[in-house]
Every structure is written in structure tokens, then in C-alpha cells.
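Questions regarding the structure given below will be posed in turn.
Each chain carries a letter (A, B and C) given by its place in the written order, and its residues are counted from 1.
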Amino acid sequence: METFLQQLPTVLHALNIGFLQTLKLFIATLVGAIPLGLLICFGSTSKYKIISGFFNIIIWIVRGTPLMIQLLIIYYFPGLVLHNPVWGGSETGRFMASALAFIVNYACYFSEIFRGGIQGISVGQDEAGLVLGMSKVEIFVHVKLLQMIKRILPPMSNEILTLVKDTSLARIIALQEVIWAGQSFMKGSQGISGEIWPLFFTAFYYLVCNGILTVVLNRLEKKLEFFR
Amino acid sequence: MAILKVEHLSKSFGSTKVLKDICFSLEKSEILSIIGSSGSGKTTLLRCLNFLETPNNGIILVNEKEVFNGKTQKTLTESQKKENRLHFGLVFQSFNLFPQYTALENVTLARKLAAKKEKDYKSRKKEILQEIEEEGIQLLKQMGLEHRMHQYPHQLSGGQCQRVAIARALALKPDILCFDEPTSALDPELTGEVLKVIKELAEQKMTMVIVTHEMAFAKDVSDKVIFMDNGVVLEYGSPEEVFDNPKEERTKQFLGRFINE
Amino acid sequence: MKKMVKFGLAALMGASMLVGCSSSKPAAEETASKTDAEQVVENGKLVVGVTDFAPMDYKDENGNWIGFDADLATAFAKDLGIDVEIIEIDWDNKILELNNKSVDCIWNGMTLTDEVKSSMECSNAYCNNAQVVIVNKDVADKYKDTESLKDLTFAVEAGSAGEEQAIAYELNYTAVQNQANALMEVAAGTSDAAIIDSLMAAAMVGEGTGYEQLTYTVGLNAEEYGVGFRKGSDLAAKLNDFFKKCYEDGTLKEIAEKYGVQASLIEMK
């Protein structure tokens, strides 16, 4: 117990730094993948077969392969095959590569959710907008967007909570997120070695984070209950 | 001077001909009812007038100006369609109100968006929005909905929703207001309030095209009646001519079903 | 269509790359105009790939990298007239990281196995090491020779020198992610024993460590630590010269004493 209390500040400090990285990756992914997902969604539902085919193949590849492989390819492909290590070896480079992989991966998942959300809205909404002289963009922004958000919120909440946990995959290219930080005390770090409790402790960070997100997302869902 | 003239209009979906050689015209302040069994092409005709469908052939003139001519132009650009649509208003069978907006917002949304494109919008923003808002309130009052203005569609009854939809269509000041079976989605006890509103509009000399199953109402309110069957105009004339002295056997059969009910 | 073909090609190249690294063959030597040494000098820094591995590379209270290897790497970079950047990597990907040029060298108490020597340009050995067997204290007396190990189940780090020994002695083993996991297996009772580096065992097992109930018994072999560079790199030779210089002027010993590894130091001739 005494050693535990001595180790706690060191461990918490390391976990905090790791979790900051986790959070950064989480936020970067959300900020990037939502607009990109919308773009992919429009692409995959395009009336031009070439465009929709192209995007559907991308969605198939990205959703059909493990994110871990995508991380490895994005980080190592430029240096190993193209002989142009664009990412560099620093933590920043690893973060950028991770963010790119996560954004592309999650954008593809989001795009399918968006597609369902948009297609679930009755064509009557489009037609009502059209006969009122609104443009397609206006109809999307002012009529369908909020209805779509309301529809996709439950499946999006699921993806968002999964994303928080998925960020731990980035450790495959040595992004030092919270699980990496926790595990370092198993191998030995900062004078603490062979301890598994810091790793278990990381679960607490995920729980708190997902707890807060659940509350926020539920509130958002409640907020959108003003219409049906 | 005819406010609306339709000549030899035809429309096919794939190999199915839905409209065949439709001709009719409408004077200002006149009311045209289109009757016929389901699948006869009434709704498609209305959708062609509102450019939700593009006809394959024929001519549509509004105020003697050609808005569509199948001979010279097979397809229309989005902006052409958008411009043409402004001559017409359309009230849907299923209302199609925007659920996230209040009754008043439903009525004013399209005009507010259109106003943004006006040149003097920036300098007169407040004034313009105020004006749109006031006209919207006026329209809803006219519909007898002054106490429902700030409620959302799901808080309103079907009849109230349809009245909001009518106000929404009127807000853009169309030349011709079209109704696509405006009471078909309503409970019988709610149809009266909607029909009453349409009647009031008739008294205010609004030009209207109404697709309906309410035969008594059509007979009462219309200046002209079209009976459609299988994509063709079978009867076209005054309510008396169509309802009391139909020429075609098919019309008699159809009307007979309603009288028996 | 063109785009689709391009994407397909990229995916194929990606797949071949992954096959390529799993067979651990050295990356094709480029006809680069600059040598590795010229390149790092131009970059102004030597990027060193490490793992947290006391006493060779580990972090002090302020999060700065210290240790016998870290200090040596810093001294080497200084000798080249450039800065050092120490980056924590995933040990499984060390060859990838080198070939990807995300790091310039692997300097982390790396055992010079045949696999390492064939896939990296290695420096001369500078430190002795051994692979040792870790068991629970209370049964340690029963396992004093290699013969007695046959009926134990082992946990070893995948691809490590420990695994090579497990294969050589025909032991019954499970490969785990790293040496710490191997220790964890023993502590948790899921394996009877583990094989890890003696330098690590000294730091992690026994009195005053997280694994007080464990101890190490049999030494399986003797081996040596070296520094790995990209295949064909001229930095290996430069490091050998530096080692020699440091051995002669006593700096090497001085740094080793700071971290208690002077006994393992190899003479540089």
C-alpha cells in the first residue's frame, strides 16, 4: 500500500500525458471525419456511376480491412516503399499519421450512417422545399440536416464511444497514448517495473471520458426531442 | 387571357405512358378540379405543373409565356425549374411540413432564404425579415391558426397541419395554387376545416387546380372539371357538364360509385 | 476508372510491403546520393529508436531519457556535431522504423542475434548479456540446470533472443508481446517460467522490485549488445571509431559506472 501511494503520482502523471494524446487523437478524428464522412456520403450516393462506384470501393476497402493495418500502411508506406518518410519519426509525425488513418477510417463508417440518415428522410421534404423555390443546397442545410442529425445521433453515439477506445490502436505505430503509458510500467519505467495496476488504471480514464460523452450525447438527443 | 394553358402534354415513366396528350386552359381566378380514380395520372399532371417531373412533350404557358416546350427543350436546368416553380404553389396530400420548424417558421422559411439573395438584404435586413414575419402571421390568421403559430407540426392536428401547408404555399404569392388530394390523409371530421379554407381562397379569387376525391366539394367550388382516366382527359367542362351530363360511359361508372357511397 | 486502378495498385504495393517486412529482408538499397552520415548531419539530429528499458534507456523524473545507451547515444551525436532525438518505438517494429527512416538507429540493449545482424548494419558489440530463466522463488531450487527445464512451460518475448534459446533447448513455450509480459505470465502463474535478458532481470526481479516473488536461475547462453543502423549505413563504422576512442579515454567506463553496468562492458580494441 505504501509503495502504491508512492508510485501513484508518477503513474498518474504519465497516464495524464498519455491520455492527453488519446484525447487529441479523438478530437482530431471527430473534427476531420464528420465533414469528410459527409463528403464521402454525397460521393457514394452520386447519380454518376463512376463517382459513386469509386467511393463505394473506398468504403468497402476501408471498412473491410482492420484499422491496425491501415495505421501501419499509412505510417510505413511512404518511407518503406516510396522512400520518402513524410511523417518523420517524432511524436508529432506519428500523431499526424494516426490522425489521418483514423479520420479516413471513421469517415467511411460515418458516411454510411449519414447515408442511412439522409435516405430515411421522406422525399416529401425535398419536394416541399423544391416547390417553395429552394435550391438543393438550401434544402439540405435548412430542412434535412437537422432531421438527419436527429436520426443519426444514436448510431453516431455508438461510433463515438467506440472511437474513444479505438484510439488505443495507434500504439501500433508507437503513438504514446494512455495504454502505452500504462503498459510502460509493466516493462519498467521511471523506476516502477512489473506493475500491472497502472494498465488497469487506464480503464478508469476511458470510463470517465465515455461517461461524460454519454451524458453530453444524451443531452443532445433530448434537445432534439422538440420535433418528431 | 388564360393564366395557364397546357397543350398536348405527355409524360412516360419508362415504357408506361402516364399522361397522354393533355390539353386544358384556365383563366385567372378560375378553379379547376381534376377527378378520376387512383392511377389515372392526376397527381402526375400536378407534379408536371410544379416541375417535380419534367414532361416528355407538350407545352405549358403561364400568362401566355412559355415555361416549357417539349419540342425545343427536352430537359430543364435546375435554375429554370426553380424559376418556373415560383408560378405555382403546391399543397401535398401528406402536408410535408418541416418538422423542426414551428408553424410560422414553416411559412416564412422559403421567403427568408429567398430574401437573402436580394441586393438590399444587408442594408434592410431587419425591415425585410419583419415584413416577411408579419405577412406570415397574417396568413396564419387567415387560416384561423393565430393561436398555433409557435407550435411544431407534431403538436398540431392533421387539419391544422394542412392549413399551415396552405399558408406556406401562399407565402410565396404563386399565380396558381395546386392541391394534391388535400384532404385524403385527414380523418373525415377534419376535412371540413380544410375545405372551408379552400373555399375562402376561392372567394378571394385565387386561381387553383385541385386534385380531389371530394365530389360534392368539387362540384360546388369549381369553374371547370377534368375527369382523367388512364392518362387521358376523358371529360373537360363545367361542373354541370361533367357531373350531371357526362359523355363517356367510364365517367358515369366512376361517378356512380360516389353517388352510391 | 484510372483512379480505381491507381488505388488498386497502391493497395497491392501495401500488401507486398507487409509481406516484405514479415520476412524481415533488408529494404532494397537505394542509390541515394548522400550517405547516412551525411544525411543525419544535414538533418542536424540523430534519431535514436528506443524502448523504456532500464538501465539502458529510461526516463528520469522530468521525462528526459537517460541510461547507459541514451547517454552514449547523446555523446555520439555530440561527436558528430549534431543533436540527439530519442524516440520510443514499438520493439516489434524496430526494423520497419529503421527502413522507414523514422529513426536512424536502434540503440537499446539490442542483442546481436543472427536475425538482427542480417537485417541491420550493426556496430561492434559493446556490452555482454545472457538469457536467464525466471521462476518463482519457492521452486527455484528444483531448476538449477538446463536438463530440469524440460517439464516447464515458458513465456518468451516473440522474436527475442530468449525465444531463440527456447527453440535451441527445445523448450515448451508461448511467445508473448514483450519481456515484461513474459514476467507477468510467470507472476500470474499462467506460465511456469520465462526467459529474459540478464540485465533486465537484474533490474526487474527480486528484492525491491515489482516481482519480489520471482528469481532467476539458469543462464542459457552468453550474448552481446550492439547498435543497429540501416543496412549499408556508414554510421556503424563511425560508431565503432567512436567506441574505440571512448574506451581508450575512459568515457565509456565512466558512463557505464553511472548505471552499474561496467562489469558487462566489452573491451574495444
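As a working rule, a contact is a pair of C-beta atoms (placed from the backbone, for glycine too) under 8 Å apart; a residue touches a chain by one contact, two chains touch by 3 or more.
Predicted, not measured: the structure shown is a model, and the values here were computed from it.
**Student:** Could you draw the chains as nodes, link the ones that touch, and say if you get a line, ring, star, complete or other?
**Tutor:** Basically the chains just string along in a line.
**Student:** Kindly work out which chain lies most centrally, taking the average of its C-alpha atoms as its position.
**Tutor:** That would be A.
**Student:** Starting from the mean Cα coordinates of chain A and chain B, work out the distance between those two points in Å.
**Tutor:** Distance between chain centres, rounded to whole Å: 47 Å.
**Student:** For chain B versus chain C, what separation do you get between their C-alpha means, in angstrom?
**Tutor:** The mean C-alpha positions of chain B and chain C differ by 79 Å.
**Student:** Can you check how far apart chain A and chain C are, centre to centre, with Cα atoms defining each centre and the answer in Å?
**Tutor:** Each chain's C-alpha centroid was found; their separation is 33 Å.
**Student:** Could you tell me which residues belong to chain C and also touch two or more other chains?
**Tutor:** none
**Student:** Using the touch rule from the top, collect the residues of chain B that touch chain A in their complex.
**Tutor:** Touching chain A from chain B are residues 50-52, 78, 81-82, 85-86, 88-90, 92, 94, 96-100, 109-110, 113-114, 152-154, 168-169, 172.
**Student:** Give every residue of chain C touching chain A within the complex, in rising order.
**Tutor:** 1, 3-4, 7, 11, 13-14, 17-18, 20-21, 27, 30, 47, 49, 51-54, 58-61, 63, 85, 87-90, 93, 96-97, 99-103, 178-181, 183-184, 187, 200, 203-205, 209-211
**Student:** Chain B touches which residues of chain A in the complex?
**Tutor:** Those residues of chain A that touch chain B are 122, 124-125, 127-136, 138, 142-143, 146-147, 150, 226-228.
**Student:** State the interface residues of chain A toward chain C in the complex, per the touch definition above.
**Tutor:** 10, 17, 50, 53-54, 57-58, 61, 69, 72-73, 75-81, 83, 85, 87-91, 93-94, 171-174, 176, 183-184, 186-196
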